[in-house]
Amino acid sequence: MVLARVVGTVVSSHKSQKIEGIKFLLLDKIDPVSMKGKGDFVVSMDSVGAGPGDIVFYVSGSSARNTDVTEGKPSDSAVIAIVDHIEKDGAFTYQKNR
Amino acid sequence: MVLARVVGTVVSSHKSQKIEGIKFLLLDKIDPVSMKGKGDFVVSMDSVGAGPGDIVFYVSGSSARNTDVTEGKPSDSAVIAIVDHIEKDGAFTYQKNR
Amino acid sequence: MVLARVVGTVVSSHKSQKIEGIKFLLLDKIDPVSMKGKGDFVVSMDSVGAGPGDIVFYVSGSSARNTDVTEGKPSDSAVIAIVDHIEKDGAFTYQKNR
Amino acid sequence: MVLARVVGTVVSSHKSQKIEGIKFLLLDKIDPVSMKGKGDFVVSMDSVGAGPGDIVFYVSGSSARNTDVTEGKPSDSAVIAIVDHIEKDGAFTYQKNR
Amino acid sequence: MVLARVVGTVVSSHKSQKIEGIKFLLLDKIDPVSMKGKGDFVVSMDSVGAGPGDIVFYVSGSSARNTDVTEGKPSDSAVIAIVDHIEKDGAFTYQKNR
């Protein structure tokens, strides 16, 4: 899985029927040490109610269909967790609500 | 999923029988902030009737077979949505027909 | 799918039984605007009778097993089409036999 | 599979139900010659009890669901081995507990 | 599939039960023109008895489970062929035992 920040949304009225009703989040991959965005974006299907500014991790590939929201859908990226904290070498690089 | 602009088409008369009748779009991946093409191209199977200039997102990997058009086909990329707008950090970076 | 030029072949007498009789093409990925090779090579299983110099596109991942030739084989790349022409922004960047 | 060092953990209280109880390791990919981290991070599900500082290898893609811990889960990365030693060109580049 | 040279081995005594008895090869991806290693390493499961110095190609992704050795295993890379020769633009860039 890859760490990213929710930076926006993508809206489409003309799309595959199978993905009607799904929320498409615009994610910017982050470096988990500096916590800065890499400017490397991906569109990911939300399965956990993530919102703007949240640090999340998403799953890629066929496993992006293994959530309650995305089962059987043409998905290659799904947000599966909102991150509380990231610990590296014994120190926090990120704590939510700080 | 990845954001891209439809920039052309690829035509083949000599191909796997399974992909007869499918439209192959030439996509240029875009940066969703500047909306500029990256010059990084992919051939993608159309499942939504996308045309030249459209901003779309496509799905990669096994999920590219999870559309009505591509089921059971040797596809690793399928356009599944034409984008209306992209919102980042509270502002639109793209709005269709503007 | 990704565009490439057939630049050679790879021969192996000592290999998985499952891939006996398959032709392994050496492909060089191309830029579809300049049509130049990128020097980025992949070994791909031929499913369409492609030969030296042909511009083709190949499919990656699990879909590389979705051709008549590669079904059930340990394949992650299969050539599924020989390209007739590539059109970008209303002009041809490639036409076969020109 | 890819070699990496366990450098930390990622904790989430708000996540897909399917991944409750799984430990998320923060891995830094390494160069197996210099054994230095690349600063290229991935979040991986632990299936072997790996801990801080361990050199491991992880499996990506659909095979990340092929462990006892991750079966049926939305996983695209799972640690499947703690490395004892790495041998390259007849010499050890890494030996555990040295 | 991708061309690589077998440069070493990776040994683990603490690993997923499913991969007991499998040999883990350290591969260095090569450029098939210069035949030089790229310093880009991958750990791959051996299915053909490859050894140090051999030029091989390996399969990635779910197809890495489609060999007799790796079926049902958490594998994302398997060596499926030892290369005899590589031909590019009508000349050999590699011939075994030369």
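Per-chain residue numbering starts at 1, and chain names A, B, C, D and E are given in the order in which the chains are listed.
In this text, a residue touches a chain if its C-beta (ideal position, glycine included) is under 8 Å from a C-beta of that chain, and two chains touch if they have at least 3 such contacts.
Just so we're clear, the structure is a prediction, and the values are computed from it rather than from any experiment.
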item: Number of hops, chain B to chain D, where each hop joins two touching chains; value: 2
item: Those chains which touch chain E and also touch chain B; value: C
item: Angle, in degrees to the nearest 5, of the Cα rotation that carries chain A onto chain C; value: 145
item: Classification of the chain A:chain D interface as same or different, half of numbers criterion; value: different
item: Averaged-CA centre spacing for the pair chain C and chain B, given as whole angstrom; value: 20
item: Distance from the mean Cα position of chain E to that of chain A, given in whole angstrom; value: 33
item: Multi-chain contact sites of chain B, meaning residues that touch two or more partners; value: 60-62, 64
item: Overall pattern in which the protein chains touch one another (line/ring/star/complete/other); value: ring
item: Cyclic ordering of chains (reference chain C, direction chain E); value: C, E, D, A, B
item: Contacting residues of chain D [partner chain E, same complex]; value: 1-3, 31-33, 47-49, 57, 59-64, 66-68, 78, 80-90, 93
item: Complex contacts: residues of chain C adjacent to chain E; value: 7-19, 24, 26, 39, 41-44, 52, 60-62, 64-65, 72-77
